[in-house]
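We just call them A, B, C and D in the order they show up, numbering each chain from 1.
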Amino acid sequence: MIKVALLGAGRIGQVHARSITANPDCLLVAVADANAQAARALADPLGVAVRSVDEIIADRDIEAVLIATSTDTHSDLIERATGAGKAVLCEKPVDLSLDRALAALRAADATAQPVMIGFNRRFDPQFATLKSAFDRGEIGKGELLSITSFDPAPPPVSYIKVSGGLFRDMMIHDFDMACWIFGGPPARISATGSALVDPEIGAAGDVDTAAATLQWDDGRICVIKNSRRAGYGYEQRIELLGAEGLLSARNMLEHTVEKITADGALSAKPVYFFLERYMRAYEIEWAAFVEALKSRAPMPVSLRDGVAALACAEAATRAARSGDTVDLTPEMLGAA
Amino acid sequence: MIKVALLGAGRIGQVHARSITANPDCLLVAVADANAQAARALADPLGVAVRSVDEIIADRDIEAVLIATSTDTHSDLIERATGAGKAVLCEKPVDLSLDRALAALRAADATAQPVMIGFNRRFDPQFATLKSAFDRGEIGKGELLSITSFDPAPPPVSYIKVSGGLFRDMMIHDFDMACWIFGGPPARISATGSALVDPEIGAAGDVDTAAATLQWDDGRICVIKNSRRAGYGYEQRIELLGAEGLLSARNMLEHTVEKITADGALSAKPVYFFLERYMRAYEIEWAAFVEALKSRAPMPVSLRDGVAALACAEAATRAARSGDTVDLTPEMLGAA
Amino acid sequence: MIKVALLGAGRIGQVHARSITANPDCLLVAVADANAQAARALADPLGVAVRSVDEIIADRDIEAVLIATSTDTHSDLIERATGAGKAVLCEKPVDLSLDRALAALRAADATAQPVMIGFNRRFDPQFATLKSAFDRGEIGKGELLSITSFDPAPPPVSYIKVSGGLFRDMMIHDFDMACWIFGGPPARISATGSALVDPEIGAAGDVDTAAATLQWDDGRICVIKNSRRAGYGYEQRIELLGAEGLLSARNMLEHTVEKITADGALSAKPVYFFLERYMRAYEIEWAAFVEALKSRAPMPVSLRDGVAALACAEAATRAARSGDTVDLTPEMLGAA
Amino acid sequence: MIKVALLGAGRIGQVHARSITANPDCLLVAVADANAQAARALADPLGVAVRSVDEIIADRDIEAVLIATSTDTHSDLIERATGAGKAVLCEKPVDLSLDRALAALRAADATAQPVMIGFNRRFDPQFATLKSAFDRGEIGKGELLSITSFDPAPPPVSYIKVSGGLFRDMMIHDFDMACWIFGGPPARISATGSALVDPEIGAAGDVDTAAATLQWDDGRICVIKNSRRAGYGYEQRIELLGAEGLLSARNMLEHTVEKITADGALSAKPVYFFLERYMRAYEIEWAAFVEALKSRAPMPVSLRDGVAALACAEAATRAARSGDTVDLTPEMLGAA
């Protein structure tokens, strides 16, 4: 049994707690949260101890920590946990600062401890089905990738202000999808954004509607579209044109019932948000982390992958500001 | 906490065990099975006692039993459990003999104990969505109902021989769907069947491909199609034409990925069988039983409903043999 | 150039006129109609002569006649036209009386003139695609066929009264589809009908909602559902379960636009009625007639096929009245 | 009757000839083509005279000309025809040179003769349905538009070399769609392209796979994706996210038949190319030109619209080369 501590008892921490306790190879032994009440609310019903981060880091029996705290603490916690000999699964993004994330990468690499970044969408059964078909060569060489990712409603502006901006907070998922599907980070990025949903978001210096175009050195192209507000639900779609065909992963819908009347044929909306769409992905993600840990295999989403997605977000943020295409340099990607 | 015993530790008993133990209002306290090894295999990992049926019936602490034994024991167990003051959830069909089921109905009615029959499809989220829309009047008065129900592959001929035949064993689910959607049993039934999938099934006196037509006294019509072998998966679809539109519940598919190549657009098959399609329905079914028990509300699928579906199966069996339309008499439906 | 006369200038005659004049191998030389005004309205803009039926039959230059008059005249006109050495394309049904149709079959057979019956649906590109795939063996041996055929709105009751009833007037198309797909007429038929849409239809002795079940001697089954009123449009669907898969031909829709809002995903209805759905089929039908005529090949829908569909309608009418399954005898099918 | 001359008897000229002759308000009186044989092949079967461009321009009886000659002749012919008092429908693009097109715009404006540019996709029933729904406010204010446009196979490299490049030759259609849907040209454009399909295309200085991002002054965004080779058919899709929902126009498919087997559910590909997809659009386009001419209404696609699309193509070409976002200036759009 792998003894696991959970750092962070917020919404996403609660999701992970379920995966950890449901996994037959794991024992959740401690929960920490800056908000003691939140920690207890999560830990008590599970019969798990509430402990401080320091205690958890110091406890040699704890083999793995899941970091689901606020983003500004990720790099520190990755460094401390790996420094203490623990395996880490850290929520995305690694950091809002690419430099800070690069430092954490160097530190963690020095410990040789396994670190996985929680890009849950890689474990979504729909996207995994698309990726497998592509990797089996079913549509030949990839040429033009398109990712559509709309949230149903924007987060509070207070959150937006500390989020690092749409490219680091929201599109980072899509950057990781693109890097994952095309097997590595792009060479250059251009991007555009607007505040169309809520002028407050614009006033906070951010955008809520955006597009980015990624290009790889061999010419492959990826287009990403984001909106903070689709209203009707969660748009999570991928389309990939290859030399021999097109693969697409469509939304998951609320149900399969259709009603045809004089008004037309009415069918279900996409499921509302990430908990509905990705609950299964979170379970599989945790199982994949545990499996890699047990078999001493490389982590399925490495810290370097997390840095690459952040480098894309950094480049896109700059590109959207300047209107110029921004190159991803080896330094940005943590080249040794 | 409701103390529950599970009678029958076979495939479907294992499904129910999961629902019982997952339900926060229930405690599974005993498992019985004629095959002691099967009983232990299910009970031991759950830390539940293996006991005899007699012990369970005699135990006054056990408030509810779930009957998932072979069909020929259902009527006896319903009578004994209700006679001992227990609530019952019994798997479908009530019995292979309509007369025996009617006797069990009279006996259970005399005890006034709650009995529910496990027609799981009523709790399928797809069908429940269709039913709710219909009951809200979204397509007006119902006129023509169509149920398509194909298994992926036939059961062994040894099973077929003791199954009571396709109409009692397989189409009984669809008869219940029809009675549920149209709010009561039909007035008359015609039916046809053939052994097309496997001549051994025909040699055993049964059919593997069948159609039945039900008509209500006010003229409403339902057509049911069954096949024991769709090969590619589990067809579970309902279409309902009303005065103002058409409602249909389509299959659940394995995934949402589509591949378009020169060969065409390839998308997912229906999920393979009832465990994939109806696992969620079994959970909801048990929760509905518990909820009715707690609130002393009528059971959502009564023993009388179970008898009505069996009466349809009896009528269809006779109709398929004679080629004549067979009326459902009040006696067949257990009229008081 | 084949010189063609059109008998009947009503709605369907106008459809055929378009196909005849558009066909480069044909010359429409005469139009006849009991209603002289209707005949002129169709003929004049095309620069075609209005003539009497007698004149047309007597004109040796006219090689082919298209019979689109009222049903009660079909048998007579088939006999007269073939007797005068002309090829015939006659609208469905051959007749309302099976005996009269059988007499026409004998008479036409004696002349050896080619006669085709206008079962337009065989030429619908959707159904033809399904049929070709089936004939290529793509789903193995056919087992269970299902035909759904709903009109958007019922015809006037005055029409219903002289129509011969739903089975002869409407379901006859579906009987022909079934015979076509399964390569010949069934052995027996059961049927049920109700007047749910309009009590006036019931008062006229007819039904507006019906189901029929056909069985072939080798056990294959076909289920047909009809409604005179779907409201939202024209349901024209076929599903065929074979030993190795399922083929289905879905409706043609008004457009491909989808709108997703908080209310759900709204897409197009089926096209409204037969002119929208089958206009192309009528053109192909006429071209197939002309092609067979030119190449002296057998007609793609023979008069015998027309009699078979009528025999099914006759059997279904009787079955719906008696509740019994009715056999199709060799005599009913015009056995030599 | 409007007397019409057709300049250009190539593939697209043949398409237009059909629309002109089918229109009851038009008389096709002359065909011109640099290739006399091609002109005769088109004109002779229609009983139409082959004449020189000079003769046609000089003929005062000819009220309208349809220009379907090679692109390098468009501006000249627009100027000569309008100068001679004729109405013009000219194929897209107006020109490969924006400056030359701007000069033609000034010249034509000076004559006040009606000029329409042949952006056929505006008349596609699918896109027109989307546009109408959007204009009725069904999804609120437009925010994020996405256009996917893939050809089934690239044209010959010899054609590519004189085409003006993908942005002017192919994506120009999509630029017009974007301007049409959003009611005017964007403020700025970024673009990227690669030669992935055929290295010869790259050697010719062009790309075959490209993406462009357009932004309007109020922040609205449009993303366009192009590929010269989808292989399986013609991808022509539009998606529009608005404040209250999403509208999408999907492909037209070859048929509605689906086959489900153990391999999955196989349905139809998109129709193969523009003749299959847009034949109806060409007819409607011509009818719209004639209607505007008859009612003296403004042309539904003005020469200025044609210039705007070309300005977008010009900007995108520059943006793809430089990696910078390029502004559309009033001068580029022919500001007075």
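By definition in this document, a contact is a pair of C-beta atoms (placed from the backbone, for glycine too) under 8 Å apart; a residue touches a chain by one contact, two chains touch by 3 or more.
What you are looking at is a predicted structure, and each value in this text was computed from that prediction instead of being measured.
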Intersection of contact partners for subunit A and subunit B: C, D
Chain separated most widely from subunit B, comparing mean CA positions: D
Pair exhibiting more inter-chain C-beta contacts, A-D or B-D: A-D
Centre-to-centre distance between subunit D and subunit B (centres being mean Cα positions), rounded to whole Å: 59
Distance from the mean Cα position of subunit D to that of subunit A, given in whole angstrom: 41
Contacts with two or more other chains, residues of subunit A listed in rising order: 231-232, 244-246, 260-262
Contact footprint of subunit A on subunit C as seen in their complex: 231-233, 253, 260-270
Of all residues in subunit B, those that touch subunit C in their complex: 141, 143-144, 146, 148, 150, 188, 190, 192, 194-197, 209-211, 213, 215, 219-221, 223, 225, 227, 229-232, 235, 239, 241, 243-246, 323-325
Residue numbers on subunit A that touch subunit B, as the complex places them: 125-126, 129-130, 133, 138-139, 244-252, 255-262
